[in-house]
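Presented below are the structures under discussion, each in the form of structure tokens.
In the two assemblies presented below, subunit A is common to both, partnered first by subunit B and then by subunit C.
Right, the complex of A and B next:
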């Protein structure tokens, strides 16, 4: 059964690959623009052998990790405060809901002016992208904890540490993990976009350099790897999500 | 179960509940709304008291006040002559919805009620196992609430409420959400459990038959504002026969009073 579902997963990528190979060989596009899959594969192994790919990957992933941790932790704290405190809600909710509507991409020009084109700018924009979905999911997750849970805790006179650790957290965690998953994949997309514009390393920079030097094979390697990384992040967090929601009836 | 036979002679010595001049108002759209007015009630240790009445008569509110989830009221609630302040482990409650935590197994849910006790872990484990057995759920210790039927989940909730050995057990329409057959079966179970545990029980219900079958007393409440209309003593030993003529006569009478002729 597992093997079968794994095989069914492979059908569409293989079909796409076949279509790509077919189109590339048919000569509908210039050969230096639509590179056949096999050549892209060779470029991929070359980039691996020289260590160039690893360098770009490390650059991107460490930016993602740093920015994401900062943004997600801030989102977690702010979301909890927004859910629990009437004061925080009164002062911050309208601004929060306005700011979260602004696409991260739209902030790039302003952030470049403020933070320059170096590391700070990319980490700030990743943190910003992670912050809003996590804050929103946390706020809604905490608010959705039924009052009846707290009443049961009161009846059994549970200490607040028990209340938070055994009741509030497990009740809110599924929603929060979903927010984290959305935030992480979004942060990845935005980071690659930023690197396209301004960077001296990273997946986006690799793609942009490939384009400038008309190395479309390198561009394709970058595009595919960006997709695979995004998929892996999403898949990994879906597993985490399942782990936390096993108790829910389906 | 021969528990009934040998448990009968035991009489409870704790769990006398005394309610004096109890009144309660809510603010509804800025206007005060009286939900309970001058409730006077004396309940003997080990007594099973059923409360019936139309919806809006404040019977569930009364339980919330006794259990201590709502502390804004006038009057006094005394348990064994001591005023009640907030929730306490000597008062257990079962709600209409089982309120088990869905991410905990049956065993974990029941053990949670003992979290605040300082007894050794082995003692706690034994109490949990005993109470799971008491409600007939042995073998389901590791089941999650969504794997239990409604009746089983409600049994688990009863076990959780009893595991602290409360002096008073409050039941807020505990069987209201169950199908008719399960309800009848659980009424028998409740009777057996109560005879065995002999704690004071106050059960709110809108099922007159259930109130009569289980109660030593049936309190009939009126609505707007909620007050006691009648305090009916049912002098019939437990365990009872559901189709006893005495109960049938009371049922006709109460139906007549509550529904009108």
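Right, the complex of A and C next:
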């Protein structure tokens, strides 16, 4: 019975695949516009065999990692400062909330002129994309720590390190992890967009080259892999999120 | 108005000062950091020539059309998935799989199928608005309280009556939250799609042309405009939904 219900989830994807294969092989559309699924699979294995795919993937993922670590760490530090210090809030909050309104995508042309089309521009834009959600979530997470927790800590005369490690961090971390997850998936989207517009390597560039050379199969492989990576990043962090929120009573 | 409330202005002014300073250093600086006076002149220029308004209007119109299509389609699809288990079985796996692909990743594929005209852009914007609408409609219909469902059963309401009298009103706040999300996605995607398919009018096309001509001042004007419009639209949307949902008892 369990197997049956599992199988029923597969009905529509399999049906779509079959329809696609049928239409492509029927020859209703030109063969270079509607590629049969099998051929897309072949170009996937080809790209794997030549190492081209791995090269683009490493390029994209290393950019993502570098930019994200920089942006998220800065966001973590800034968010904490914003939550704890009234002075920081008074000086920085208005600017922070104004800049937060500007979508990263809209900044691409500006950053290209400022930093050129090289690596710097992509890493800066990934860092910018990661910074704002992480900073916002950290600020809210830290602010949401109940005051009573600190009072209990004061009654027990806990040391400062214990206070942070045992009370403040567990209370704030779930919100922060959510912020990190949102930031990571957004950063991935923006990075692929940047590579589509200007890059010499990376998943986005692979897709864009495929488009210019009318290799729809390459475009499709790229789109699917981009989706799989986005899903994996999101799924992985959701697991982490669940781990950190497990102790909370519901 | 005391001095303390002006503290928030210190940092922005310092940044503007640094920008102006960088623009006066050398030719390379002036290339990337245009002097502030030039940005002001660019505002006058693009407003005066009507360039800004034409492109802004095109972007806004596309956002609104795409948003409307996405909202209607999203509510329909979400309601179908929430109310019918077989439909959910069939649609959900495909929907969640397709949702994983970044919106802008679709652009090359859609451009190959639909060209790079208005219809391709409109499709992308509607899709961007569709996802949050489906998710929010589905969730909020699923979360209608059991008490309400029981009351409907006791009163022996027909299925259409249940939907009209119980489910839809209960789900409205969730759907309104979905519209707010969809609006933000639609606006970003609209501008983003213009960056990639920079044919026709739109703020993104204006920016790409300015980038090609290295006219930083016009890009700055566009970025400010995009941020401001996005903020204004979501503000209007919040006001509107608060007003329309006034009848709802707040807990």
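One rule holds in what follows: the second predicted complex is superposed on the first by the 219 of 250 C-alpha atoms of A that agree within 3 Å, B and C clash if a C-alpha of one lies under 4 Å from a C-alpha of the other, contacts with A are read in each partner's own complex, and residues count from 1 in each chain.
The rule is simple: a residue touches a chain if its C-beta (ideal position, glycine included) is under 8 Å from a C-beta of that chain, and two chains touch if they have at least 3 such contacts.
Note that the coordinates shown come from a computational prediction; the quantities given were computed from them, not determined experimentally.
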Taking the superposition on A as described, I'd like to know which of subunit B and subunit C A:157 touches: first, second, both or neither. first
So in the superposed three-chain picture, is A:228 touching just subunit B, just subunit C, both, or none of them (first/second/both/neither)? second
Partner chain(s) touched by A:103 [first = subunit B, second = subunit C, both, neither]: second
Between subunit B (first) and subunit C (second), which, if any, makes contact with A:148: first, second, both or neither? first
Tell me the contact category for A:189 with respect to subunit B and subunit C: first, second, both or neither. second
Just checking: does A:207 make contact with subunit B only, subunit C only, both, or neither of them? Give me first, second, both or neither. second
Going by the touch definition up top, name the partner, subunit B or subunit C, that contacts more of subunit A. C
Have a look at where A:9 lands relative to subunit B and subunit C in the superposition and call it first, second, both or neither. second
Residues of subunit A that sit at the subunit B interface in one complex and at the subunit C interface in the other, please. none
Within the complex, which stretch of subunit B touches subunit A? 67-69, 86-89, 91-93, 95, 97, 99, 101-104, 112-113, 115-116, 144, 146, 164
Counting only contacts in the complex, subunit C reaches subunit A at residues 4, 7-12, 15, 31-33, 89-94, 97-98, 100-109, 111-113, 187-188, 191-192, 195-196, 204, 207-208, 210-211, 214, 216, 219-220, 222-223, 226-228, 230-231
In the complex, subunit A residues that touch subunit B: 148-149, 151-152, 154-159, 162, 166-167, 170-171, 247-249
Within their complex, subunit A touches subunit C through residues 8-13, 16, 33, 90-95, 98, 101-103, 105-110, 112-114, 188-189, 192-193, 196-197, 204, 207-208, 210-211, 214, 216, 219-220, 222-224, 226-228, 230-231, 234
